[in-house]
C-alpha cells in the first residue's frame, strides 16, 4: 500500500536551519529500540500478570472472558516473557562484549557508566536538600542517580522475575536444583517483585521522567534520542561541560527530531501512559479491596 | 534500560562519503510504517484466520489448544482487524486530503499516481514479450504495473474482506440493510478473498518483490526507503530521467541505509517471509487434503 | 375439590330446589331415565336393591355442571374415574354411608384411612399431620382421578412430584410463613432437577427420594431422612459407592462418631441446588465451602498459584481441595490410602504436572509465608520482598512528591524560564 | 466351582480313600465328633433321623481344605452360607437326592430350576441358553454364597453387574469368537459406566437395565429389549420424557411406522460409549452422525461459520444440528412446534445471537452455494469469487514463473552486471 509520492524535502537529511538550536544525542537508536521492546512487553506482562495476581477481582474475570479464557492470558504472558528475555540477553551480551572483550571505556566506571558511584550518593542527598530549600540543585552527569536506579531496578527485576517465572513454568525441571520451599518462594518472589515493578514504573517512573512539571506531559528524549542544547545544558550541566572540554561536541551532534517522530512518540507514549495508569488504578483498587 | 553511551558518530547526520553512490528516496517514512502495520496485522489475521477456515486440519486444532482455545483466536483476529481498519482509514483520509482538499498533483493522475493508465497496459504486454524473448524490457515509471496491482488488490481486498468481516461480527446489525442471502455470502466472500490475499501475498508478492533473482533474497527498499542511484536508474529508468529533467534530484536525495536498519530489516523481513511461507504450506496442504 | 372431600359433607340440593336452577336443566331431564335404571337394577339384582350402584350415582353426578349448595362442582367423569386406580371400586366402597338412593343431604367425608391405614398413620406422625391443611388429595390429586404412581397422569409420578410438592413449596409466601427456604427453584436448577424436569430421567432424585413420602419429618428430628447424621444414608440410596467412600473418610467417621460439626453430603453439595461437580460453577463455589471449616488451609491455599489462576472463572483446571485430598474419602495425610500421603504425592501431583518427581513434590501447597517456624525460608523471602516493596515505594513516593512540589515552586518562581516544551 | 455344580456330579472320596490323604487330616479327626452330632440329631428328631441336617454336612464340608476326586474344593463356609440368600434353607433342600449319611459317591447336580422355574425358563429361551456354558452360578456367583441383588456382596448388585458380565464380555477373545464388539471398555468409559463405577450411582444403567437379566435376546430378535424398534422404550425406562419427546418427532414416528432406517437413541448416542451430551467430545462426534443420513444438510452445514469454528475442538459453542433442530423431538420446519419453524426462528437464533431480528433470521444455515436455483445470489457470488481467485492466481503464477526464468536467464547472461546486493 505505498502512498503516492510526497514532494516535501526529506527531513532526515536536512541540515539544521540557521538560528535554530543544536541538538545532541542522548540515546542511541539501539537504546531507544531496547526501551520500546521493554515497555511494550512490560505492558503486555503487566496486563496479563495482574489479572492472574488479582484473579478474584471482577475486572480480572471480565478480562479473562474477553480474551478467550485463562489459557490465552497465560499464553500471552509467556510469549511476552520470552521476547523480553531475548532482549535482555542481547543487552547483557552487548554490555559484556563492549565492556570486557572490546574494553570500551566508560562502560563500568566513570561519569558515563550506569554503575553507581560516590557522586550519586552526594547527588541524592543534595537533591533532597534542594527539595527542602536547603541547598542548590545538584549538577547531574550523563545518568542521574534516579536513572541509574531505574536501570538497576529493571536489571535486577528482570533476573529475579525472570528466574522465578521460569521456575514456575518449568517447575518439575527446576525442582532438580531447588529445595522444596523454593518452589513456594518463587511465586511470592515473582508476584511481589512484579507488583513492585508495576507500581514503581506506573507511578514513580512515569512521574519522575514524564509527568513532573519540568518534563510534563512527557520526556521525549527516549523516543527521539536527542535533546536541544539548552535543555541538555540545563539538565546535565556536568556532562555538557565535560563534552565541551573534551571537544566531543561534533560527534554528539544530532538532528532536530522530525515532526513525524514527535507525533509518533506522543501517540505511543500517551497510549503507554494511559494503559499503565489504568493498570495502576486497577491494581490499587484490587489491592485495597 | 539505557545503554552506556556510544562513541561512534551518529549515522543519521552523516554526509555521504565521497565516492560512494548517492541514495534516492522511494518510500517515505509514512509509507514504510504503513507497510509495517499492514504486514504485521496481515500476518496476524492470516495466522488466526487460517485455523478458522481449515479448522478440521490437525494443525488448526493444535494451534487453538496452544493459544488457549477458539476464543483467543477470534479475539486476536478481531484485534488485528481493528488495527488494520484504523490504518486503512488513516490512509484513505490522507489520500483524500492530499488529492482533493490540498489538490496536490500526481495523486490521481500522471506518472507518480497509483491509478492505472494506458502505459501500464503497454508495460504489461511489453514485459510479457520480454519474458518470451520477443522484445526489450519495458522501462518502468515510479510504480510498475505489478506494484499498482499489489496496491489495488490490497485496497479492494481491504474493503471487501473488511466489510464482509464486520458484517459477520455485527450480523444482527448488518441484517437491517442486507438481504438474507447476503449474510450467507459474506462468509464466502470473506474466506475466498482472504484465501486469495494469503495465497497471492505469500506466493506472488513474495516472489515478485523479494525472491526473484533480481532482488533475492529480499528487496529492502520498503524497509529502508532508499535505493542507490544505479539501482534506481536500472529499475525505474523513466522516473530517473523525469527526476533529472525536472531538477528534483536534490529533494529526492536520501542517506545510505544505516547498517542497523539493514540488519533490522533483514531480521523482520526474514521472519515475515518465514511465517508467510509456513502459512502458505499449511494452507495448501489443508486445501488439497 | 380437595378441601371439599376432606373437610365438609356434601350438601346436595334437593330435587325441588334443583327444579328452579336453569343451569341444571340437563340433570333434571335425566331423572326419569335414572329412575328407569334404578328399576332395572332392582329387578335384576334384587338382594342389593337398597344400595345404589355406580350407574345410579353417575345418573346425577355424571352431569359436568352439577354443583353443591356452595357452588362447588360435585360432578364426576365416570369414564376417567373408571381408568383411575380406584376405577374397579364402586362409589359406595368409599362413600360407605350412602345406603339408599336418593341419599341424605349430608354425607360423611370419605376417609382414605379405611383402606390406607399405614399411609394415614405415617402422615399423622409427619410434618403434614394436620389433615385439614394436608388432605391426601393435596398430593394425590383430585379424589376420583387418582392414578398409580408409575402412571404419567399421577400427581406422584416421579416426573410430576416436584410440581406437586411445588404447589405449596414453590410459593415464597409459604416458605416465609414456615421459616423454610424457598427451595423449589433451587431444586429445579440442580443436577437432580435438571435431569428430572429437562431430561425426564425417572431415576433422578425427586423430592420424596430424599424426604420420604407419607412420613416426612423435620430435619431436626433424629428419625428424619434429612436429619444431619442420616443424610449420607439417604444420599447413599442412590450414590452407594460415594456413601461407602464417605464412611471411610475422616468426615464420615466423625459424623458416625456423633460429631455433627463434620460435614455431610449437603454441606459441600448444598441440599437442593446441587451442581454437577465437574461444572465450572461447582469448582468455583466449593473450595470456599471447605474453607468454612479449614480456615487456615483455605487461607494458605489462596496464596498459591493454584488458587490465583483458579479464581479467574470459566473452566480453570488448577487443583481445588478435592483434586488433591480426594472428594469423599478424605483421609489424614498419614493414611497410606490418602492421595496426599508422602508415598502417593508423585502420582497425585503427576496427574496434572507431567514430570513431577520427588523433589517437585517437596512443594508445599499450604505453605504459610506468615509462619516463621513452619516455613522459615519462605517467611524470610516474603519478609524481604515486602520490605523491599514497601521501602522502595515509600522512599520514592516521598522523593517524588517533594520533587514535584519543589519543581513546581521553581517553575512558578522562574516563570517557566527553564525547560522547553519537550524537555 | 460354577462348572462343578452344574455339569458334573460330586465325586466324594470314600472315608477309606480319604484316610490316605494327609492333607485331609483335620477332616478325618472330625469324624468321631460328627458321629456324636448325628446321634444327637437322631435322638432329638427321631422321625427325620435318616435325613442329615446341615451340621452333619458341615462336619465334613466345613473343612476348608476338602476336595473331590478331581481336586476341586468341595468345602463350604457354613458361616458365610448362613448369611446368604439361601442361608435359611438346609443343604438337603437343594441336594435333595441325599437322603442318608454318609451319602453316595455320586450325587446329582443341584438344579436351580426346582425353585426358580420362571428364571430358568427365561434363560433357556435367551442367548445364554446353553446351560453348560452359562450355569446360573456364572452370573450369581459361588453357589453357596449367593446374596440378594440389593446386597453389595452379590454379583448381581447393580454396582457389580458390569464386572460380572465383563468376566466374559470384557474379553476381546470372546467378543471375537462370537463376532460381538468388545463393549465392556466402551461402557465403562460412558456416562452410565462412569456414574456406576466411579460414582457408584445405584440407579445408573448397568448391563441388565438395557439387556434384561435372564431373558437376554439377540438384538436381531424383535422381542429383544435391544431390537432397534424397542430401543426407545428400553431407554425410556429411565429417560421417560426424552422417550415421549422422541415419539413426537419425525424419527420416532418413522420408527413407530416401521421404518427401521430412521435413527433410534443408540444411533446418535451410540449403544455403549454414551457420552454426556454437553461434553465437547459429544458435540464434536455427533454432527457427522446426523450427516450419515442427512448428507446434503451436513455438507451445506460444513460450509458455514458454525461448522468452521465448531470444528476447532475444545468446547466451542457454535450451533450443531440439535441446537437449532432440537435433539429428540426433531420436527419438520413446517410444524409450528419446531424451533426452526419461521415463527420461532428469532427466538431460536436469539438464544446465541443477541439482537437477532426478522432480517437476521433470513440467513440460510444450509444455503448451498453450488445450487443456482435455490440460492442464486450466493451461487453467483461464489462463482465470481472462485473465478477471481483462480484467474488472478493463474495469471500471476504464469507471469511470475516466466519472470523468474527470464530474470535468471538475463542474470546469467549479464553475469550479474545489474542489481546490487540489496536491489
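Per-chain numbering from 1; labels A, B, C and D assigned in written order.
The working rule: contacts are C-beta pairs under 8 Å (C-beta built on N, C-alpha and C of every residue); 3 or more make two chains touch, one makes a residue touch a chain.
This one's a predicted model, so the numbers in the text were calculated from it and none came from an experiment.
Trainee: Spelling it out: a chain qualifies if it touches chain B and also touches chain D; which chains qualify?
Mentor: For chain B paired with chain D, there are no chains in contact with each.
Trainee: Which chain has its C-alpha centre farthest away from the C-alpha centre of chain C?
Mentor: B
Trainee: Using Cα averages as centroids, what's the distance between chain A and chain D in whole Å?
Mentor: Roughly 63 Å, centre to centre.
Trainee: Distance-wise, how many Å sit between the C-alpha centres of chain A and chain C, to the nearest whole number?
Mentor: It comes to 59 Å between the two C-alpha centres.
Trainee: What whole-number Å value describes the gap between the mean CA coordinates of chain C and chain D?
Mentor: Distance between chain centres: 31 Å.
Trainee: Two-or-more-chain contact residues of chain B, please, as numbers and ranges.
Mentor: Chain B, residues with two or more chain partners: 69-70, 73-74.
Trainee: Using the touch definition from the top, which residues of chain C touch two or more other chains?
Mentor: In chain C, residues 315 touch at least two other chains, as defined above.
Trainee: Among line, ring, star, complete and other, which best matches the way these chains touch?
Mentor: Shape of the chain contacts: a ring, since each chain touches exactly two and the loop closes.
Trainee: Which chains are in touch, pair by pair?
Mentor: Chains touch in the following pairs: A-B, A-C, B-D, C-D.
Trainee: Which of the residues in chain C come into contact with chain D in the complex?
Mentor: So the residues of chain C touching chain D come out as 152, 158-159, 197-204, 237-245, 315.
Trainee: Any idea which chain B residues touch chain A in the complex?
Mentor: Touching chain A: residues 1-7, 9-10, 12-13, 25, 27-31, 33-35, 38, 66-75, 91, 94-95, 98-99, 104, 106-107, 112-114, 142-143, 147, 151, 154-155, 222, 251-255, 260 of chain B.
Trainee: Which of the residues in chain C come into contact with chain A in the complex?
Mentor: Chain C residues touching chain A: 303-305, 308-316, 353-357, 359-364, 367, 369, 375, 377-378, 381-382, 385-386, 388-389, 392-393, 396-397, 399-400, 402-408, 411, 418-420, 422-423.
Trainee: Under the touch definition given earlier, write down the residues of chain B that touch chain D in their complex.
Mentor: Per the touch definition, chain B meets chain D at residues 51-53, 55-56, 60-61, 64-65, 69-70, 73-74, 127-128, 130-133, 146, 153, 168, 171-173, 175-176, 178-185, 187-189, 192-193, 195-196, 199-200, 203-204, 207-208, 212-215, 218-220, 224, 228, 230-231, 234-235, 257, 262.
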